[in-house]
Structures are given as C-alpha cells and as structure tokens.
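What follows is a set of structures to go through.
Same chain, two partners: subunit A is paired with subunit B first, then with subunit C.
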Partner chain A sequence: MVENRPFLDFMTHLVLITGVIVVAFPVYVAFIASTHEPDAFVRGVMPLLPGDNLIESYSTMLKSGLDIGGTPPVWLMLGNSLVMALIVAFGKIFISILSAFAIVYFRFPFRILAFWIIFITLMLPVEVRIIPTYEVVANLGMLNSYAGLTLPLIASATATFLFRQFFMTVPDELMEASRMDGAGPMKFFRDILIPVSVTNISALFVIMFIYGWVQYLWPLLVTTEEGFYTIVMGIKRLMATADREPAWNLIMATVTLAMLPPVLVVLFMQRLFVKGLTETEK
Partner chain B sequence: MASITLEGLKKTYSGDVHAVQGIDLTIQDGELVVLVGPSGCGKSTLLRMVAGLETITQGTLKIGHQVVNTLEPAERDIAMVFQNYALYPHMTVYNNLAYGLKNRGFKKEEIKKRVHNAAKILEIDDFLERKPRRLSGGQRQRVAMGRALVRDPKVFLFDEPLSNLDAKLRVQMRVEIKKLQRRLKTTSLYVTHDQLEAMTLGDRLVVLNAGKIEQVGTPMEIYSRPATMFVAGFIGSPAMNMVPLKYIQDIDNKNLSLNLPAPTDTLGIRPDAICLSPPESPHLTIEATLELFEAAGSESHLYIRLANSEQPAVIRTNGQPPQHEGEMLRVYVAHEALHPFDSRTGKRTD
Partner chain C sequence: MQTKRSTYQNRWLPYLLLAPQLIITLVFFIWPASQAVKSSVERTDPFGFKTTFIGLENYAQILADITYLNALGRTAVFSVSVTLLSMGIALLLAVCVNRVLRTSKFYTTLLVWPYAVAPVVAGVLWWFLFNPTIGLIPHLLDWFNINWNHRVSGTQAMILITIAAAWKQVSYNFLFFLAGLQSIPQPLIEAAAIDGAKPFKRFWSIVFPLLSPTTFFLIIININYVMFDTFGVIDATTKGGPNQATMTLVYKIYNDGVVGLNIGSSSAQSVMLMGIVLLLTFIQFRFVERRVNY
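Entry: the complex of A and B
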C-alpha cells in the first residue's frame, strides 16, 4: 500500500515505536541491572544507566554459578539448553518432513486418518499430557538424560502440517519428471524435495529452536542432576533463596546470557526465515 | 526407435468416471502423432497412461514389441516434456539435463558429452550454469526439451508444451519442434488443445472427444473430410458453419436434397467455401443479410444471416463486399464444398 497521508504515517510509526518500547524496555532494564551492585535493583529507584559491575557479574555466573541457588555454572546450563534445543529442532524437522512426505506423496490405507490423528495431537502439548509422559519417561529410565529431555517434545503436528501444506504446493510434475528420470521415492525426496524445501526447513528450524530453548516445565520435571539443568529452569532456581534478597544482578546477567543464543539464531537465519514464511518459489 | 500400439485402452476413475473409453491406435516408428481435443476429452490422461504416470484400467499398451502396462515410467525408455516444464528449480541447467543420466548410471564423460550435444542442438549451451529461474519462458522450454533429448529415448511425449508461451514464441517453437522431430526421427506423441498447432505439427492427427476417438488421419484428410460433426466444428478456424438442410434455399435449384445421401439433415460449410462471386462448378446460390464485417488484415470475416431463417453463418474471404452492414447479399457455395451430416448420429453421410 502506497499512500501519502502524513497523519497515517505518524500513527503507524507511533504504534510501531510503542510496540518496540514495550518489548525492548524490560530487556534493557535486565541488562542494566546485571551491570550494577546486587542491591541496586531493589533500592527503590531503578537505575537506567549502566553501572560498573558488568564484568564481575558475568564472569561469576559463567565460571562458578551461584552456590546458594544450587545451580551449576551458566556455561554448562547454556550448553545443555543448546543441546536440547538443537536435538528438538532437528528431531522435529526430521520426523515431520518424513511424515508429511508420506502423507502427501503416498496413497496408503487410512492416509487421511493418519493425517488427522497427527493433527489432533496439536491439542495435546506436553503440558497437557505431562503426568503420563513423565511416567513413561521414568519407566524407560530416561530421567536425567538428553533423550528424556528431548524425545517427548520431538513429535510435532505443527511442523508436519506446515510441510504438508508446502508439499501440496509443489507441482506434481516435479515428481513425475523425476520418475521419468529414474528416481525412486527416496531419491526424489533427497534430490528434489529437500532442496526445494530449504527455506521452509530453515524457517521451521528457527521456530523450533526457540521452542526447545524456552522449555521450562519439562526440564524442571525430568532433571534432578545439576549436570542436566537447562538455562531457563536455572534462572528460576537462582531466585529460590530462602532468607535473603535474590542476587538480582547475577540473575539478570544469566537472563541476558540466556537471551543471546535465540537472538543470534534469528539474526543469523533472518533472511532465510522471512523467505521461508512469505515466499513460495518453485 | 519404436512404434506404440494401444489396444482397447481404458481408464476409469473411482466414481465411474470413464476418462478414456477404449482407444485403439498404432503410432508408427518415427511418426509424430498429435492428440487433439477440447479440455476434458481424455487426451492428457491417454498420454499419461503411455508415460506410465496413470495406471491402465483395461487394455494393452505396447512400445515396440514389449507390453509395458505395468512398467515404471523410467523403465519404458520414454521422455516427456511437461506443460509447466517441471524443471528442477534448485539445479543448474546442466544438472537438470544430467539428472536422468546420473540416475541411470552413465559415466561422467558420457554425461558431459550428451548434455553438451543436446545443449548445442537446442542452442542453450550459453546457459548451462544458470538456474531455471534466471531463464526466460522460451529458454525454459528448450531446457525441458533438452532433458528429454539427452536420454535418446525410444519415444517422446509432449503434454501441451507450448501453451505457457506467448503467441509469437509458440509459433517459433512449434517450427523448431517439428524440425527437431524430423531430424531425430523419434516416435512422438503430442497433446494439444490448439487445433492450429495440431494441424501444423502432426504427421497424423487423432481427434478425441469425451474419451473416444472421433477421427484419425493426416491433417489434410481431417480438414477436407471430417468424419463427424464434432471434428468438423473443432478443426478449422473460424469453425465450420453447420446449417440445417431445411434452412438452405437455393434460388436456382429447389430440389437440392435429391443430390445428397439419405439421412442428411445438416450441411457443413467451411467459412472459406462460401464465395461472394459464383464459381464455375455447380453451386448453390443463397440469399443472406450482412450483419457484421470484420477486417483482420490478410483476411476478413463476414457474419451473415440466411434470408428467411435467421440462421447465422461466417464467411472468410480476402476482399471487401460491395454491400454495407444490414444489406442483402448473394453468396455461392460449390456443391463439392458441402459436407453432409446426419445430426442425430453426428456422422458424415457420404
């Protein structure tokens, strides 16, 4: 829409700027708090300019963690979160692209039923089935392991549905041409379908990586050993101090560190991400 | 090189849709046969059955002497050019051409030789490293042809390959396809809904309607002696005039029907068979009103209504009539230019 109406321009900018402030200000406050003394944040007047405690806060958290909170060093939790988010993202993409491929390109009995069953699981996220899922994971002896952290999260109706919708827009002739060229189903999948889906795969990767990164409740349940703590649940534990003020500067330093990887992923994959959500190039 | 034999080929979709209803046809070795018909007549389905992309409900399909009913498309030694080209978007032109050869386990050297050879024939050797999206419509069309060409298959199948091109390019590619086919002498089956494309390209035409063959013959046979009213109306532009016999009143000869075979009740007259001046041979003389005059450069169209009956008809001529729109005129049709039909069966009667 190209319009020359100054008032409209002003209003759109106002809305956008307000939105940016609402989102960005708390992040800014968190960062500022992490650079001050421990008690600066609770003194009543929130500082809005950086203090001089930045290096100390971050190095404390990265190297040793906070004993009273019972958390390991932040780098370990960051590592755990990274492993978890990567396994979840790749696992989801792998499983869902295969199931979408089966549903769209093969005619097997109960194909539509299979699709709807997958689709219905949208209504059953981990939070809803958390007790039976915990039971299963515990019985399989997967508590305190990366498998236990990730496997229950990997099945994804959303991703399957997105890939299905995308595959249905891929012209049938592409599949027919590759059949003529002597490619079997899996060869077609590998040589044609996956390269054509690259932008969609990367868009989903960003979404699923962040989904895996921000998991809180599930890691809280299945991990009891410090070695498997993830960063998001770790932040909560930092605040659980019984008899004194939480060390807000350290907590906020952890929060800032926890935000970095998803931001980096989005920045790095932004171009592909936007392309994958908006463009259909065939 | 091989012939293609279709024996009683049928295709029935679930829900009792009879897309193809018993086709018998033999395509000779090296021949270019065009399947032509309106949309929904089953021509594409038939082609896809030959390709192996649709299963055959009933009947036998032979390529050469081998029955190929249940063979995979890749095992039939055929190549197909698709309407939307179906180029692999992420591969360069070179890889698009080479993909089929790679899958068949050709040696690298041999692939290179064949791809460059095909690219040279189609004049796409400058674009081999480009992706399809950076090519124009005509170039994509050539790449699609190239992909068929490199394989050196027994049979070429074309599924409306020119319908995504603009008018000028279509004529140019049509000529090139014909030249190429003449040169390679590969048996070809070509599907189109464009009767002009069909007439100019085909060694023989197969006119299809509602899943059945209406007529098979050379383009001139079909044009000069259409077997059914459907063929008569479909081939030729503007379409043949179909005039009920009772509306034709010959001013000179009242007993016209005596000269025609028995069940005739409709006469087909090509627009260019209606003359504005009387021919030498025996002819009809008909009175009509000039309704509209349309000049199209090299030819012009006259829309007339026959006197007394208001039956419309089109005349193609290259002159301008002396009359003005709304005035009466006399038109002449030579007896030998009449196509007698029986409208109840739709068949030709002589």
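Entry: the complex of A and C
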C-alpha cells in the first residue's frame, strides 16, 4: 500500500466481503434447499435457513436416485464423472507430453506438419463439431463407453504447447550429459525429463481434471444407458421431471454433490490450480 | 520452429511418440471437421437414402434465414454483456484484493472456486434463485413492482443467462487481473503518489493502461467462453426460449442438428462457427500477442 487511507481501506473490505457473499450466495441457497423436505417449497418463497432433512435428501439421491426422472443413484454418476475426469486428465497429459518430447528433442521430416495438425485442435471445440464427431464415435461402436466419453476430448493443443514451452527452458546440458553417460532418449525422458516436469504435470492435472468433470454436452450425446451417466449431465434428467413435480431438495442435493469434488480440488490445490490456469491459457 | 541445441537421431521413435496424439486428432478432430464441411454442401433426403450435392445452398439458406441472423445478434449481445459484466466485477475485486496485503490470500481463495462449477450447474443455481413461483429474486423484485417471468419475457431470459454465465466467469477473470496487477512495478505507483496523484487518478492513468495486455487477452478468452461453454447455462435455464430470445449460435447448431435432425443446415452452421473461431484466434495472435510486452 502506498499511503494510509482508512476510508478507502474500509471500502475495499466492504467491496470484497460483498463480492464473496454474492459469489457464494447461489450455492448457499442450493445447499439450504437440499436440507428441507419437499413440501417446504409450496409455501411461497424458498427457505433461507437450514431444515432438518439433510441426511434424508442426500441418502435418497446417493442410494437410489430419482425414479421418475430415470436417473441412477448419484454415487454411480459420481463414480462415472470421476472415471471420466481422471481418464481425460491422464490421457491429455500422457499424449501431449510424448508429442511435446518428440517435437522438442528430435529433428525429423514432417515435424512442422505434425505441430500444425495438433495446433488446429485449438480451433475445433467439441461444441462446433457435435454431429460429425458423434457419427464417428457411433461408427466406431463407442457410444455408451468410457472410450467414447473421453477420447474425443483428449487431444489437447494447449497441453502440448505448455510442455513444449517448458521443455525449451530445461537446460540443454541435462540432455547432453545424459547422452554422454550413454542414456538413450527414452531413458532420458523417464529418468530426467519427467522428474523435472512434476510441478507442471500436477498443475496441468488439476486444470484438466476440472475440464473433464464439468463436461456436459458431450456426455449428454454419447450416453443413453444410465450406467454411463455422469453427474453433471444427470442433472438434466432431474430437471426434466422438475416441470411436473419439482423435488427441489433432491435436485439441489444432486447439484451440491456435483459441485463438491472439483471445488474441493480448487480449494485444496489452489497453488497448483493458479499455476495451471495461468500457464495453460497464456 | 526451434528444437534443442542437440537433438536425438532416430528414424522411427519420434513418429511413435507423436502417434497417440496424431491418431486421436485425425480421428476425432480433422475427420469430423472435414465431414462437417462435406455435409454442409449436401442435402440428405428425410429417409437417408440419397445424398445430393447442392453447393453453397445450405449457406445461402442460413444467411437468408431470419432465425439464424437473430441468433447471430443474440450471441453478440450475450457475448458483450457477459464479457463486460464479468470483467468489470473481476477487475474491481482484483484491485481490491491487490490493495489489502494481509488478507489477500484469504479473499482469493473465497473468490476463485466458482471456476470449478460446471456451466450447467451455474445455470441451475440461478434458475432456482430466479424461479418465478418460489424464487427469492422475483419475490424481492415484486416489492419494486417488477413482474419477473423469464419464461415469457425474452429480455428477462437474456438477463438470467447473462448473470449465470458471468457469475461463473468472474473467478477466471479475477485471477488474471490479479496476476496482471501484481506484475506492475510498485515504484511507478509510488512515484505517482509522491507527485500527488490520488488513488483513482493513479488507477486510471497508470494501472489501467498497463493492464491493457491482460484486458485484451481476457476479452478474447471471454468471447470464446460465451460462444461455446455457455451451452450448459442455456440448456439448464431457457433452452433458447422464449421465442428464440436466448438462442445462441452453438445452441442453434445443437437444436437444429440433434433435436431437429437438419444435418445439412447444422453442418453449414458448424462450418461458419469454425470460421468465426478461426478469426478470433487469428485476432488473438496478430493483435493481442504483439501488445503483450509493456
């Protein structure tokens, strides 16, 4: 701080506290709604203080799901989301660290072409190529499978870029010394390059895990069997019944459970999260 | 493009290393995208027996279609309002966090977590708060004699999705603005203070101009976010309605292709959207990257 201005300090804290409250408010209301019984919502306005139905709401959703909405138990959808997020995160890191290694540490014909083919994926998010990608996945027989859920999301130019940038900053001497000691490229990759990249890998992992978890449109298209529903898309099935008889407490219990894992990842791995975010996007 | 000073010589290993990523890119990106281009110049009869080449007719139809132009306009309005709202709030919060020294970590933690909330979940949260029968906000608005019903009013539906989409994006913009603010050399600010510039003056004549690379970068990222990632927000709240008032380009592709099964038109729309993304990426590289250096 440059000078002492008590009034401005007061205003600063006021703005920040208001900001924190506004940001948290929708989630608070959703959580409160999940602690009430269904008939708490017929009386007019939504409740703002906790009810006593917390355990009931969550255990109903976790164990049996909502029958009329055709949703499976929430623990199953949470499991699917976890599997999907993990495959997407590991998969992206695995394929992009290998390709970045090839692009930086080898000189070979068509190197630039390969780089551009990878680069072009930046411009083709799933949302713009929904139908043709769906057709490819359907033709490969991968509807309702973890492969179909994850493979089309796995190719990532951003991760390749990040690793390429990072590898360029790794001292050349490391590679030269290891070569002089008789280590081949894969030994250098495994025993030197991977260990020095651990922080970058974990930062990227946090971001890609969240990316995989929040996917909505793609799981909605490729899964028709309840066994493969992810939690984020399962919410859509709950909403479909909401027009008839809004089981608000159950919907909001599911919403809370859908938010919890990635939010916890951000809160507990904040340093890695910030590093990952600022490096992948810039 | 650079490699290392010394590189490995190997005939087949680099291709093997590149293979997983290249195969996935070719199968799930390049091939579908080329299929989209192909079916955008074709018409398939309703039973899928016959496909005829019709040239640019799908494109001509789209550009003459009032609902498409409407969606284009809606997307522009939506993009601009979400970008302004979320970046404005994020900048205010970042400036405040940058001012407090001891508690900045604490506030940052409490402000960044919505990044991890799925867009569709953000949509559901605000849809609940704005629910015309039991929602808290329509109830409060009643005191001001404002009748809230986003199922009827297109403007209100647009306000709802703007708030939901902006709420989720504030955390992201906040982090980048904060990083930008922290990279501004402190002596600059101190010198201005000694010369008698008050905090607001210092902000507008020193801090804000120095933040311009961050601001430009965020504008591009935010427009990208609004164009693609807000699908979930719209699907959870308004589904493009009422009367197409919140129909964005991506939602229309989904609606025409997956729900309406008009593959030709939907593909042509996809191709046009790819063009728009290409243009945005080009602007980002040509225009923004050059300005990143202070």
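Note that in this section the second predicted complex is superposed on the first by the 236 of 282 C-alpha atoms of A that agree within 3 Å, B and C clash if a C-alpha of one lies under 4 Å from a C-alpha of the other, contacts with A are read in each partner's own complex, and residues count from 1 in each chain.
The working rule: a contact is a pair of C-beta atoms (placed from the backbone, for glycine too) under 8 Å apart; a residue touches a chain by one contact, two chains touch by 3 or more.
These numbers come from a predicted model, not from an experiment.
Peer 1: Once the structures are superposed on A, label A:V196 by its partner contacts, choosing first (subunit B), second (subunit C), both or neither.
Peer 2: After superposition on chain A, A:V196 lies in contact with subunit B alone.
Peer 1: Using the superposition on chain A described above, determine whether A:E176 touches subunit B (first), subunit C (second), both, or neither.
Peer 2: Touch status of A:E176: both partners.
Peer 1: Looking at subunit A, which partner touches more of its residues: subunit C or subunit B?
Peer 2: C
Peer 1: Just checking: does A:K187 make contact with subunit B only, subunit C only, both, or neither of them? Give me first, second, both or neither.
Peer 2: Touch status of A:K187: first partner only.
Peer 1: For A:I55 in the superposed arrangement: first (subunit B), second (subunit C), both or neither?
Peer 2: After superposing on A, A:I55 lies clear of both subunit B and subunit C.
Peer 1: Would you mind listing the overlap between the subunit B footprint and the subunit C footprint on subunit A?
Peer 2: Common interface on subunit A, subunit B vs subunit C: 176, 179, 281-282.
Peer 1: Quick check on the complex: what are the subunit B residues that touch subunit A?
Peer 2: By the definition above, subunit B touches subunit A via 51-53, 72-74, 78-80, 82-91, 99-100, 103-104, 133, 147.
Peer 1: Can you name the residues of subunit A that touch subunit B in the complex?
Peer 2: Those residues of subunit A that touch subunit B are 171, 173-174, 176-183, 187, 191-192, 195-196, 198, 281-282.
Peer 1: Okay, in this complex, where on subunit C does subunit A touch?
Peer 2: Those residues of subunit C that touch subunit A are 1-10, 13-15, 17-18, 20-22, 24-33, 35-36, 39, 89, 92-93, 96-97, 99-101, 107-122, 124-126, 128-129, 131, 134-136, 139, 167, 170-172, 175-176, 179, 189-190, 193, 199, 202, 217, 221, 228-229, 231-232, 235-236, 250, 253-254, 257-258, 263, 266-267, 270, 273-274, 277-278, 281.
Peer 1: Please name which positions on subunit A make contact with subunit C in the complex.
Peer 2: 1-3, 5, 8-9, 12-13, 15-16, 19-20, 23-27, 29-30, 33, 41, 44-46, 48, 94-96, 98-99, 101-108, 111-112, 114-115, 117-118, 120-125, 127-133, 135-137, 151-152, 154-155, 160, 168, 172, 175-176, 179, 185-186, 210, 213-217, 221, 232-233, 235-236, 239, 248, 251-252, 255, 258-259, 262-263, 265-267, 270, 273-274, 277-278, 281-282
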